[in-house]
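Both of the next two complexes hold chain A, though its partner changes from chain B to chain C.
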Partner chain A sequence: MASNKLRIVHYINQFFGGIGGEDKADIGPFAKEGTVGPGMALAAATAECAEVVGTVVCGDSYFNENLEKATAEVLERVKAFQPDIVVTGPAFNAGRYGMAAGAVAKAVTEHLGVPVVSGMYPENPGVELYRKYAFIVETGNSAAAMRAAVPAMAVVIKKLAAGKQPLPGPDYMPRGLRKNFFASERGAKRAVNLLVKRLRGDHFSTEYPMPVFDRVEPNQAIKDLTRAKVAFVTSGGIVPKGNPDRIEASSASKFGKYSLADLTDFNPDNSQTAHGGYDPVYANQDADRVVPLDAARELEKEGVIGKIHDYWYATVGNGTSVANARKFAAAIAEDLRQYDVDAVVLTST
Partner chain B sequence: MDMENQRRIKEAADKYGQDELIIVLGGAEAEASGLAAETVSNGDPTFAGPLAGVQLGLKAYHIMEPDVKAEVDPAVYEEQVSLMEMVMDADAIAAEVKSIREQFTS
Partner chain C sequence: MVKEIERAGFPVVHMCTVVPISLTVGANRIVPTVAIPYPLGNPALGPAEEKSLRRRLLTKALAALQTEVEGQTVFEK
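Then we have the complex of A and B:
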């Protein structure tokens, strides 16, 4: 193997590491020389300029439940392979895999100072949180998109190997980093030029795109909780036993509205979680752990809360698109308004 | 295709050889059936399972492809498959599986 090739170290989760699915997600990190799973495709696509020298595998649950420890353990194994470049994922729309791939990217950037290339679906929470730390290539939302994801990641790797800068937009999702450069005209002139273009109706584009914030203004505080009607809304998937509306374990397409009128306490006979992607045992044993009905009923009895709304609303947050979540929220909010609900307790997994 | 099925097919291919084995699929739509057909011929395209990078070169047919259907006892087919055939896009599935077969097997 030619020594001038870039040394790639690849981070993947337990699923792509061939260990297993959700039931094996608590496996701790381990390293293997050479490629594992998608690393084979990565190696083939970058063979002209790079070599996958090692792979680090870690279970998604282990990583996310032991974030600091796992990050350090993974980093140590990545470092041992002396990478020139680190590749994480692609994680597609797997949220916890994306979070792990992003956290590894951050640690590598901060401690090893080598570039990181990753691949994710734009709505993967890993993009929002960790885009600064990696060239994250846009991928489809499931592993079926591997065929397109690997060549796209290879484009970025080849450019880096050739000493070129990959392009934000076409090559990867913009990282939101600012770089200094010398412009030929000073700012005032450029601003006037921009204004003139705009007044003429010509095509113009800003030099500094404004970020889009999704901020929700907090509502007015409740004046008198003892007279307030309080509702529960959850993305933790707590549904009546048997999941009557068949709410999907992942990428939910609907929400359910269920009666609390005769319930004072959740138990394994009257409720369960429909939520995938996490260990459901504790939620199934006692759904109050996700939607604290028992405690709320006590507060209601003591007069601390005026009244618990007669329905609860549930969907599954796992992999659910922002667009769908927004749609559900609007419909639920409309319904809550009809019942004159004063406050909502939102819970997740 | 899930890991366990990949493992079983790999074992069967090791035991009986490529010439003695065809894969019959029952996937409910074209993309999934195509991915399964690719997995057993060219290797797991998602690179997640035991067939990642393993080219078994096995031919895969969908149960609703006419050639396979003709081999099945009509009474059994009627009982087991025909109901699903009404709700599935059999032509799209057959076309996808065939195209994968032509692409990756000789």
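Then we have the complex of A and C:
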């Protein structure tokens, strides 16, 4: 091995690790020497300056359900390969994969102090939560974008190998970190220049962008549950058997509204999941595991809940765009208002 | 979706397994659940036990809906 090459350690999920799909998502972490799956393309794209010395694979469900334990287990295996740089993903728009790729980046940054390069679709929740800890290259929303993602990640890796700084924006999604530097003009002058530009109506941009948090104030609690109407909404894809609206298994373009009027319990004859992002076996056996209808009916009968709303609303929260989710929610809320619903239980997988 | 329904004026409780995602998407009342493919169940349990687990979690969610909160609040297990 040429000693002047960077040692890359690659983190991937069970799917890209070639272990299997959702049925294998609960597999714990393990390590392999050299490349696995997409690591091969990564190694080829960075061969001039780096070598993929090892790969750590972990199931997405295992990672997310055992966040602290899994992070420690993955970190230990990554560390054993003595990385100069760690690459996670690319995770595209896979939510749990992005969360895992981000959590690994955070642990590596905090405990090993080596740079991390990752790749995600901008709406992956891993971006917002973990962007500080990695050079996250913007990718397309599915694995079909692998061909473009690997070279883009390689650009960042090569710059780091050459001791250059990758550029926020063109090379990776800005991390929200501040760096000190010496400006050529003093602050007072820059401030006045900015003001003059603004007064003239010229283009100007702040030196100190503020983070944007879109938060909604919590609504008031229900005062009297025994007189309240409660509705169920799910992003877990629970639909009537046969999926009558053909809600897509991923990147849903719609939601469904279904009658609960005659139902007291979900079973394999009256319901299923349309979700393609988790192992559907358990929800298909008993959809109460995602929308707790049987327990809710019990509580309604006992008078604990005033009334269960006569409809449930479902979509598939698997790679669904934020714009669509927002649209569905607005339409659902409008409908809930028509029926004088008081509160909502929203379940997610 | 949680945030948009809350924005429309309904108190929402989000029942989910990956709490960090729920925090990121802006849910205000969060009840952690069992596992990703079966948030409100556990196939390892018998039917009666599983239902009582589900009832416990739902009861906790309903309690959350009856609790005033100031910001994002996770109602721990």
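Just so it is clear, the second predicted complex is superposed on the first by the 339 of 349 C-alpha atoms of A that agree within 3 Å, B and C clash if a C-alpha of one lies under 4 Å from a C-alpha of the other, contacts with A are read in each partner's own complex, and residues count from 1 in each chain.
The rule is short, and it goes like this: contacts are C-beta pairs under 8 Å (C-beta built on N, C-alpha and C of every residue); 3 or more make two chains touch, one makes a residue touch a chain.
All values reported here derive from a predicted model rather than from experimental measurement.
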| item | value |
| --- | --- |
| Which of chain B and chain C A:Ala105 touches, first, second, both or neither | neither |
| Touching partner for A:Thr349 - first (chain B), second (chain C), both, neither | second |
| First (chain B), second (chain C), both or neither touched by A:Asp214 | second |
| Touched partner set for A:Ile157, first chain B, second chain C, both or neither | neither |
| Broader residue contact with chain A after superposition on the shared chain, chain B or chain C | C |
| Partner chain in contact with A:Ala330 - chain B first, chain C second, else both or neither | second |
| Touching partner for A:Ala70 - first (chain B), second (chain C), both, neither | neither |
| First, second, both or neither for A:Ala143, with chain B first and chain C second | first |
| Residues of chain A that touch chain B when the two form their complex | 15-16, 18, 20-21, 37-41, 143-144, 146-147 |
| Of chain C, residues touching chain A in the complex | 1-18, 20-22, 24-29, 33, 35-41, 43, 50-51, 54-55, 57-59, 61-62, 65-73 |
| Of chain B, residues touching chain A in the complex | 3, 31, 35, 45-50, 52-53 |
| In the complex, chain A residues that touch chain C | 22, 25, 61, 64-65, 67, 95-96, 99, 125, 128-129, 214-223, 225, 230, 233, 235-236, 278-283, 285-286, 288-292, 294-296, 298-299, 304-305, 315, 317, 325-326, 328-330, 332-334, 336-337, 341-349 |
